[in-house]
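Shared between the two complexes below is chain A, which has chain B as its partner in the first and chain C in the second.
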Partner chain A sequence: MATARTYDPELLRAEKRRRENMRRLKGLGLHALLIALLFVMLYPVIWMVFSALRPEAEIFGDMGFIPTNWTLENFVRGWQLYGNLTFTQFYINSFIICALAIVGNLLACSMAAYAFARLEFRGKWFLFAIMLGTMMLPIHVQLIPQYIFFLNIGWVNTILPLVVPKFLAHDAFFIFLMVQFMRSLPSELEQAAVVDGASYWQRYWRIILPLSMPALATTAVFTFINTYNDFFSQLIYLTDTDRMTVPVALRLFLDPSGGSSSFGGLFAMVLVSIGPVLGFFLASQRLLTKGIATQGIK
Partner chain B sequence: MQVQFRAAPTRRSFLSGTAIALALAGTAAPIAAQDLAGEIRFSWWGGQVRNDKTDQIIQLFEQQNPGVRVVRENADFAPYWERLTIQSTGNNQPCAITMQSRWLATYARPDILLPLDDLVADGTLDVSGIPETVLNAGRGADGNLYMIPHGVFYFALMYNEQMLENAVANGVEPIEWPYTWDEYANHLRAVQPTLPEGAVATHNMGREPDAFIPWVQSHGEQVFDGSQVAFSRETAVAWFNYWETLRNEGVTESPEEMISENSALVEESNLANGRGYATNRPPNQLGSVQTVTNTVNPGATINIRPYPVGPDGTVGMDLGSNGIAIGANCAAEQLPIATAWINFWTQDTEAAGIYESDNGVVAIPDLATAQAEDPDTQPTQVRHIELYQQVVDTAKPVFWPAGGYQAMTDTLNRAYDAVAFGQLTPEQGADQLMSELQQQLSQASR
Partner chain C sequence: MASVTLQNLTKSYAGGALKAVNDVTLDIEEGEFLVLVGPSGCGKSTALRMIAGLEEITDGAVWIGDDFVNDVHPKDRDIAMVFQSYALYPHMSVYDNIAFPLQIARMPKAEVDTRVQEAARILELEAYLKRRPGQLSGGQRQRVAMGRAIVRKPSVFLMDEPLSNLDAKLRVQMRAEIASLQHRLGVTTIYVTHDQVEAMTMGHRVALLKDGVLQQVDTPSNMYNKPRNTFVAAFIGAPTMNLYWATLEGGNDNLGVRLGSHLLKLPAHARAEHPGLERYAGKRLIVGIRPEDVADAATVPNTDPVNKITAEVDLVEALGADVIVHLGIDAQAAEVRSSDSLDEIKADESKSRCVARFTAKSDVRIGQTVTVAFDTERLHFFDGETGEAIRA
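Let's look at the complex of A and B:
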């Protein structure tokens, strides 16, 4: 015989409260752990921020986390690297190269990707394989031939070797990324445009490109970060100190060969140099979200 | 970084270099400074302070030669050589190139650097006052002069005087140079118990080429003979045993600490941070070490002294040179500017005063003495010059073959690390060092 189970509402409420408290406690513990881990991960950055704000002589001498004496002197001295050279010039140089590299990559890589993703032509898969193969070539193999080529056409000590290849679909990774994205777009949208008499260019420019916003935003973000942080190419191709960029200039604060180093200036300028990357990433995140929301594909 | 050149010298570049040298050899007299006009590229390495001094010297040169522009090309030390290597493969090296004797052999070929003997012989390049031994550091394996030295650098033992005073107050006998390697080890053993908790008497130099070289040379052996390893296996075994004994006695760092202490940056060193009594460093860092020490350990003074002497009483220290070379691609119309620039840098009193032996003691002894006697010169810089003058007569400059310094650093690091971590015996470590070093030297000389 089945017996009816009775529930004491008070007991039920107490159990619910206990579970709620447990859940809150777990949440609290988890958050405390995550905050502790975050602090461990951010510790070097926080230490650098405080070091940039304390006098140079106290950076390695004052063991305290928070500076005893606060100063902006490191920013002033760091900005004025030496002689007439200031970070104003280095930022201008870096931003010009970054802007042209982004424009170049967005245009050229998306056009190449459109051809590989949506058009049919003889040797397409062979060319696609070669394009993928270039991603596997180590930079050391390309370095000297590229340098000699650019030297022979008189481009060394100009920004041309750093930006012109971007307009020639030089970054295979971004082509591959956009090819994969464009392949996922419904072909009916493009077929409708074909019925309306759209040319290849119109289909690419009016249909495919607006729908590829997320891939374009990703390309723009990574092109900016890669170009902004690119030390070696900029060191090799921009030799005149007036044409130095931010990553190259940042290396000039330390001297492992025996001379004096300026850690205060270095920390201050590293801190400033993080700003554009962070800002661009945050701005692009919004663009990325917007692109996904407006592309018409869910 | 291992720098190698695969491309054979082109006949055209060789001929153009030779033609320029011959053309200048025929010039009757050095070109007057006021006649100079044009532009040259000048490259150097360094941090913010050296860059500032170099810039001031360039400005001074440009003021004195209104028609001249010196295009500045500078970089951090390691990228500097990477860039120069790539530039050289494209025959696009700067006209005036800051060079170092330890790296010279890699670039000392007539298709990369211009041989300078003829320019010295006809007086176009003024080397008066530069000692012959220092000048010879600018010669390549083929005997040609490729670099005019302007600064002489060396490594020495750097120590904390406050810790020494404390040790002496606790009954330790002070040590006076010349001391032997064994006397120096006994001194470190005596100092160790008097040090603060956690500090060691010496940095473990078992993996340091700049300590191994004086050891080899003070034991009557050469480091290299051309591109061949010239020191004996017994000398290498004795070196590893020397440091292993000190390590096992707790006088020097454990292998883990030894590697973490290996940073070239002054700010990260045990000595500057009051965790070590002695280490080996280039004395041009004395001022920087003192600055950091002043903040960490106010009142402590850092001083320098020579490496120990060997059985024959010589110190065996290597003397390296920094100087300026001329690119073989330097156009004929630029060459007078390049030579005037080198003369200005090496001979001008005002330029030497601005530079303050920042990258090695100024090569001309009179200028060095004047700097040491100048009341405005930093005491640490005075000490740097004084110690150089103390050891210069008995030091033994090493001729570094192509890739030699990097090969020595890599192979000695690997061999002693394996010994210190117990993976190899000192004998096996010495065998590994000699075979790997020879292999790398042979590869680089091909």
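Let's look at the complex of A and C:
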């Protein structure tokens, strides 16, 4: 038998309001904390942005956060570094290297990954283990032998040492990334292609590669960011100023011998140099998160 | 069109310790629709994949037409396969999915277009050619997979459970569509399924596998009416056949089957059809009866009183057209786990369930005691030791 039950709707509403207020208060507190942390972390960048927008003399002279005199002069002077040498040339150099590195990594790493993920051949697991082992080699171990090798074949002061290895599936991490992705693609898709008469190459090029788009996008984005930001190898392999890339060129603003350094130009150009990385990342963000592989299944 | 011949086809794993397909010999005629059926893990898909060339053959041989194809690449076997998951290329349009095998074969564009349009017309896919597989319903995807198979005009279609991902209603519809398409195109088809309804309704012949061993290859009607052993008898038909331990009693003109405390009289017709029964006089054997051959005695007044048994109603499932009734009867049920091992045909002392299919006229209720009539002309007899059907 059901028992009669009573409740007070007003009390219930009051309790609900109290919980709602509590939740809001917690949310507000959390946001305030996060914003404060964000400010601490972004402070150097914000300071750099304002420094780029104030006259050279004020950068270290005026301790105020917001510039008193706003100017774009640093950007104009920074871009035209000296003589005929402008940042246009450095950007062209950087973009050429980045584009070639991306193409190389996408092609070579995906081919190597396809072999490891889908083909059966003798010594596959041994070779795969060796490839993974190369990821653990510190860059410093490879640097000198590689430099001597490239010097001997006359590639120093060209972009070849920065680009050619990418076409030889040099980045084990990206191979590993793509192997993992390709393994997750349904094997029936490839078997269907086998029955349809597709060769290894056709299966790779027409089925596996288009379906690996998310892994390819990740590879492209990270290759771009890594190559674009790669100060060290570009510094040691590119010596002529007209072959320099953006990160190496930024160093020219500073005079290590204690002479006159142009901090205004430096900050302005550093600010500009963030643009491509940010733009590339935003443009390919959709691809990064898009998983299309399983749509044709079931 | 081509015939397909399997000779002693075997697939072993773990150095021969596990045989997924065991010595299967089978001839599939030109234009025939053969259904390979069996429970999960019986080796039917493996057998199909060996015919397709996707699985290495451990032993035995496969012929397609007059060609020995054991070492022939799948693409050169002149086959088309429809996968369980359809395996449509998700990044290509329906048109490109269907055209893919032709493009790979470097067929001229105009010819490709003609063939794709023709396939699309047959399968009523014309309106969807520009869509991606992800934008289609399950049934449409299934049709695209069929389109990719028929566009090549292959000699043999291989279908690996192509309807198992569809809902029940669509499955019935697609079942009819595939059967009629095969009839129209006349292409030899090997169709794998675990669903015995598909097997019975679609194929010209049905091949039943169990643990990699071929149990029976026959027409659907013979599979149902003349099962070769207890496994086939229990697998084909839903609800499944009732199987009981029994003893054969009496002489030539007065042969009867003792089920528990009941003695069912065998009519002359049944004796004539199973002459081998004579040998079992006084011995234990397994008797099978289909649910539709157990009727509510109230609805069949002219039954010989000897063949009537009283039973408790445990459960009633009204299906509309008929009623499935679970009864408790005084007989020892024979549990079939395998047909090829005597040890596994076990007597289950506690079980004496009988499933009957009554007409909708019957108004039995749970807990009621009813009198049921066994159609003794339709009894099936199996050897108690081997599980093989007793005929001659």
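Convention: the second predicted complex is superposed on the first by the 283 of 298 C-alpha atoms of A that agree within 3 Å, B and C clash if a C-alpha of one lies under 4 Å from a C-alpha of the other, contacts with A are read in each partner's own complex, and residues count from 1 in each chain.
We adopt the following convention: contacts are C-beta pairs under 8 Å (C-beta built on N, C-alpha and C of every residue); 3 or more make two chains touch, one makes a residue touch a chain.
In this text the structure is predicted, and so the values were computed from the model without any measurement.
J.: After superposition on the shared chain, which partner residues are touched by A:247: those of chain B (first), chain C (second), both, or neither?
T.: neither
J.: After lining up the shared chain so the two structures overlap, which partner does A:161 touch, if you call chain B first and chain C second: first, second, both or neither?
T.: In the superposed model, A:161 contacts neither chain B nor chain C.
J.: Which touches a greater number of chain A residues, chain B or chain C?
T.: Counted on chain A, the partner with more touching residues turns out to be B.
J.: Give one of first, second, both or neither to describe whether A:264 is in contact with chain B, with chain C, with both, or with none.
T.: neither
J.: Considering only the touch criterion stated at the top, classify A:211 as touching first (chain B), second (chain C), both, or neither.
T.: Second partner only, chain C.
J.: Kindly classify A:256 by the partners it touches after superposition: chain B alone (first), chain C alone (second), both, or neither?
T.: In the superposition, A:256 contacts chain B only.
J.: Under the definition above, what is the set of chain A residues touching chain C in their complex?
T.: Touch list, chain A to chain C: 186, 188-189, 191-198, 202, 206-207, 210-211, 213, 292-298.
J.: Residue numbers of chain A touching chain B in their complex, please.
T.: Going through chain A, the ones touching chain B are 57-62, 81-83, 143-144, 147-148, 151, 156, 231-232, 235-236, 239-241, 248, 251-263, 265.
J.: Using the touch definition up top, name the residues of chain C that touch chain A in the complex.
T.: 52-54, 74-75, 79-81, 83-91, 97, 100-101, 104-105, 132-134, 138, 141, 148, 152, 165
J.: So in the complex, the part of chain B that touches chain A is made up of which residues?
T.: So the residues of chain B touching chain A come out as 41, 43, 45-52, 55-56, 59, 71-79, 82-83, 86-87, 89-90, 92, 94, 153, 264-267, 272-273, 282, 284-285, 287-288, 291-292, 294-296, 358-359.
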